[in-house]
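What follows is a set of structures for review.
Two complexes, one shared chain (chain A), two partners (chain B, chain C).
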Partner chain A sequence: MNTQDTRRPSGKKLSLKEKYAQMTRGLGWDTTYEPMDKVFDQLGLEGIKIHDWDKWEDPFRLTMDAYWKYQAEKERKLYAVLDAFQQNNGHLNISDARYVNTLKLFFTGITPAEYNAHRLFSMLGRQFPGPGAAIACQMQAVDELRHVQTQIHCISQYNKYFNGLHDHTVMNDRLWYLSVPKSFFEDAISSGPFEQIIAISFALEYLLTNLVFMPFMSGAAYNGDMATVTFGFSSQSDEARHMTLGLECIKFVLEQDPGNAAIIQRYLDKWFWRGYKVLGLVSMMLDYMLPKKVMSWKEAWDIYFVQNGGSLFNDLSRYGLRMPKYWEQSVAEAEHLSHQTWNAFYNFSGAAAFHVWLPSDEDMAWLAEKYPNTFDQHYRPRIEHYRKLQAEGKRYYNPSLPMLCQTCQTPLIFTEMDDPTRTSHRQLEHDGDTYHFCSDGCRDIFAGQPDKYVSAWLPAHQILQGNCVEPGAEAAGDPGADALRYFHVVAGQDNLDYEGSPDEANWLRWKGLDKMPPAAAA
Partner chain B sequence: METPVHTHAQQTSVPPLVRDRIDNFHGQQLLYVGWDHHTMICAPIALLVSPELRFSELIDSLLPASAFALHPEWPQVDWAHVEWLLADRPFTPERDATLKAQGIGHKAYLRIHTPALRGIAGTGA
Partner chain C sequence: MTSIQSTVFMALQTNDDTRPIIEALQRDNPDAVVHRLPAMVKIDAPGRLVLKRSTVEEILGTDWDLQSINLNLISLSGNVDESEDEMILHWNR
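Let's look at the complex of A and B:
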């Protein structure tokens, strides 16, 4: 710990290096009223050994005053663009109103996750005795809060014109499919400090964040959404800093003690799989929801995980780390993930806060080209069946509740890779109860910490226990209608198909397409 | 099996909250049912049932009101020849016995296997 007095004689300006030392390392001290291990009481619980916190390198050497200056500059640019977007009715320049459904998914699923990341880093900064690490956490906590705010401000323009964006915080707490990203963050935030930073700064930010930001931001650019592109750019430089923190953190921990590698590998195995399962939503967004496509999920996974992740793990192999467990399975599943995820939302679009629609002929040709091994063989026939039913006015909706994975909380929609038509299911007994999983990865995670996952708030089970009724409202007696109201999804407005929705009717009216014959309008 | 990870919360002696214990289902239990090779119905379904439910009632009234009945192959299911699986192992149900009497407990997973039916256009959908 740095306790020496490094103050300069008054009147002289500090050099940047001195300022950095004063405003970061100079803020750390050893406590005297209470022993250090009592003040930082969570540090010893995970078995990670840190011998010298001063070895923590901050690659950016940012001080808070410089940080405020940079961020303020970015904010000025961002809000200038948002103002222009609003004044020029920028929402009318997007490719198609269907595109807004990707924003609904982002805003209800990812924006609240950014807020949880803010909470996580605020608490994490308190847990690390090294000032370098604590300050990096503090800045990231502020970044995450800024991202939440800019996203809310950006999307508020869309909220004036499109449905499903009116209540993202309640939806995140209650809506069934949002329990997947929500439980991911709650799992992280209730972990030990080193697991938290590996989960978020390394597994999520370093390994997987490109798979969230790239598809949404490129998707926005391709589809004429300049507001989202701008907040994406404004976040991107922060993300670069977060990724560097993740890499710095993992190297620091690994270099501190040879015994740390085994624990870190276990965290990586767990958080890679947890993150991958959340990305199922992104795969559907890329392949089925962008009116103008950017790249397929399979291509994105290949570039951002297999190639980039592969070379990263090559670098880390000198510390004894290997690729996360079951990564090969994620590659095999890349041929199926988006199709199976989309099918779940087609089944349950009655209970979603965004619209779904059937792929057009052109979309299906693109899917067949991108997925030559699977689309025509496994997925086109069901879509054609749905199309036939819709043409007959018999749209298929799934009226049942799905069986959920105890760990990732996704319905059991995935299949075995040696037989892609058979549901992938694992189960185990724990303390007299049976638990079900979507995959070996999720079963292993449960088996490592059963006491944590037995308390999972699984939406389907909560509905059946009678717990999903809007407080103060009288139960309608119909669990489906009660659940929808509990989710704050407005029936007939936010849910169901895009065709026939108020969003579609408004869009056609604004664009002057409502007076054209249907064939031309389509 | 993984080495257990001890986090701060687990150091305390508070017993874990088992949110889906059978007592929380007000006398009922959970039963999951899947139909192999019919993935148009995107996931196995979760039903709330009485432990005293007879197997015949499951087939004759609950399943016909479920998502499975909306599958085009549903009318072709030959119930006398369905191969059942319980917890992924072959199982021979007794039509007139209750779930409880034949060991189909809380959170049991039943699979319907119909080898002659292979889903929409034979794709397993």
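Let's look at the complex of A and C:
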């Protein structure tokens, strides 16, 4: 038996570069009785031309042996923390029970997305004939599965004590606002292989995960949630590898053929906007939902998109690429995004699987400081109005179903950026029907692939058509009540305001705050 | 090109393992700026950031495997060039 180790005949160990080359070259599947383009049948569909797969290089030069070693160590560290968290009732050490609502959003919106990323990379690995690329996809598929599992293990401790965490997979499939991240992934996974890389490695990893896993996870730590920050950083250490590899992949494709640049620019434009639209949810997590705040959405967007994304596009400019379309608009909108998103959830909290609340005076002072151009002018008056209505026992709920954007599926809750009193609404005729959009960006994406987006499953439409009734259950005849049951949201328990919720009552009891006079407890 | 100054960054978990790494980064990259956030240290640098195994080993007084950075790395930006001896983040290679 050949017990060859990684030593040369001279006895000297292989360098990292040599070891990587040994384990990623010459291992490809060169077919014999079927032509290659039939076996790798999706490669030619997008018009991208690859001439030499051996030019693919993983900058981390990670080989499977090193991968297993470091991933195993990451897991041991993570599970040691999760044990300590459970054994020490870590859920009681968070800043406030309101904080758990960020986890509800994360767990129902992002954890299932990690699973979809796992599926996507398993399929992608099958499509790439270059072994370097296939191995990178394999590692990434395993990573994403690890993220799902660690997140479920971590959140299960919260699920024992808080509502709204009991059914993340069904909720992700059915809940109206979760169709925003879900449709992002389904759009990606039904694209060609190179478009998938741009969607995930650029839009998801480079834009979205840095914004979720850095400021939000740092915020989790600041709010005393040692379990979430640990899985968050553990996941993001994988994502750091993924985004590096994604950049490498973009450059590899651009260097392979001059004709590829125009296609890649089109993908970057589309997926920048698709990713950005998912981030509305993250903006309100940072600005409204973390009881102790770390960084505003605007600050995070400046650091992780303007600065970090700008650096990337400086670098890509040598290939003739430019910043993605409408990026300036995303910067202007940063002054408004979280305020308008939180307002929508305040309006529609009857149909959500997490609780909402109005910001305190202290919260509003922070928002005014972080948003000096917009908060006091546009958003404080509305919050004070809601407060007054609540004090009079006339808490405002929006009784209608919102119009949804045909592309990103976000309700039309945003305004024109030069006029924060006017709803942003775009339309397009296609095959005799009128389609509605939240923005120019989403209208353009639709116009590029109308046949894909006409088939979108839009929750508001489906509810009105009577398609959102729990299978096997008798329709109550009230579409709202039927939809809640269909979402697996327990009315009066998972939804509505934090004040008066079972979560609040439990928290006050556990912390001994229920025996205090109301003024001291608040 | 945009008018944005290109920066690279490395973000590390706040723990005892990363203290010598951060110190080495500061020593070898005089232009680096260290931001200490809850649970996380983010090191920004204009254009280029280098992490040298030899500097970390000097601070630690023992051998150190550069690939073990994967255990405590949260995120990074820039093109990565890694060997046994150093990890370089840079734009405009």
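Details
Methods note: the second predicted complex is superposed on the first by the 495 of 522 C-alpha atoms of A that agree within 3 Å, B and C clash if a C-alpha of one lies under 4 Å from a C-alpha of the other, contacts with A are read in each partner's own complex, and residues count from 1 in each chain.
Everything below uses one rule, namely that a contact is a pair of C-beta atoms (placed from the backbone, for glycine too) under 8 Å apart; a residue touches a chain by one contact, two chains touch by 3 or more.
Every value quoted in this text rests on a predicted model; they were computed, and no experiment measured them.
Contacts of A:Ser218 after superposition on the shared chain: chain C is touched, whereas chain B is not. Legend: residue contacts after superposition of the two complexes on their common chain; A:Arg422 is shown touching chain B, with no touch to chain C. Of the two partner chains placed by superposition, only chain B is touched by A:Gly448; chain C is not. In the superposed model, A:His378 makes contact with chain B only, not with chain C. Taking chain B and chain C in turn and counting the residues of chain A each one touches, the greater count comes from B. In the superposition on chain A, A:Asp315 contacts chain C only, with no contact to chain B. Once chain A of one complex is fitted onto chain A of the other, the partner contacts of A:Gly492 are absent, as it touches neither chain B nor chain C. Shared contact residues of chain A with chain B and chain C: none.
Those residues of chain C that touch chain A in the shared complex are 1-2, 4-9, 11, 13, 37-40, 42, 67-68, 70-84, 91-92.
Contacts from chain A toward chain B in the complex involve residues 42, 45-46, 190-192, 195, 266, 340, 343-344, 346-348, 377-379, 381-382, 385, 396, 398-404, 411-413, 415, 420-423, 425, 427, 431, 433-436, 444-445, 447-452, 454-458, 460-461, 464-466.
The touching residues of chain B, when paired with chain A in their complex, are 1-11, 16-21, 24-26, 28, 30, 32, 34, 36-37, 39-48, 65-67, 70, 72, 87-88, 105-109, 118-121, 123-125. By the touch criterion given at the top, residues 15-17, 59-62, 66, 70, 73-74, 77, 209-210, 213-214, 217-219, 221-222, 229, 233, 236-237, 239-241, 243-244, 247-248, 294-295, 306-308, 310-315, 317, 323 of chain A touch chain C in their complex.
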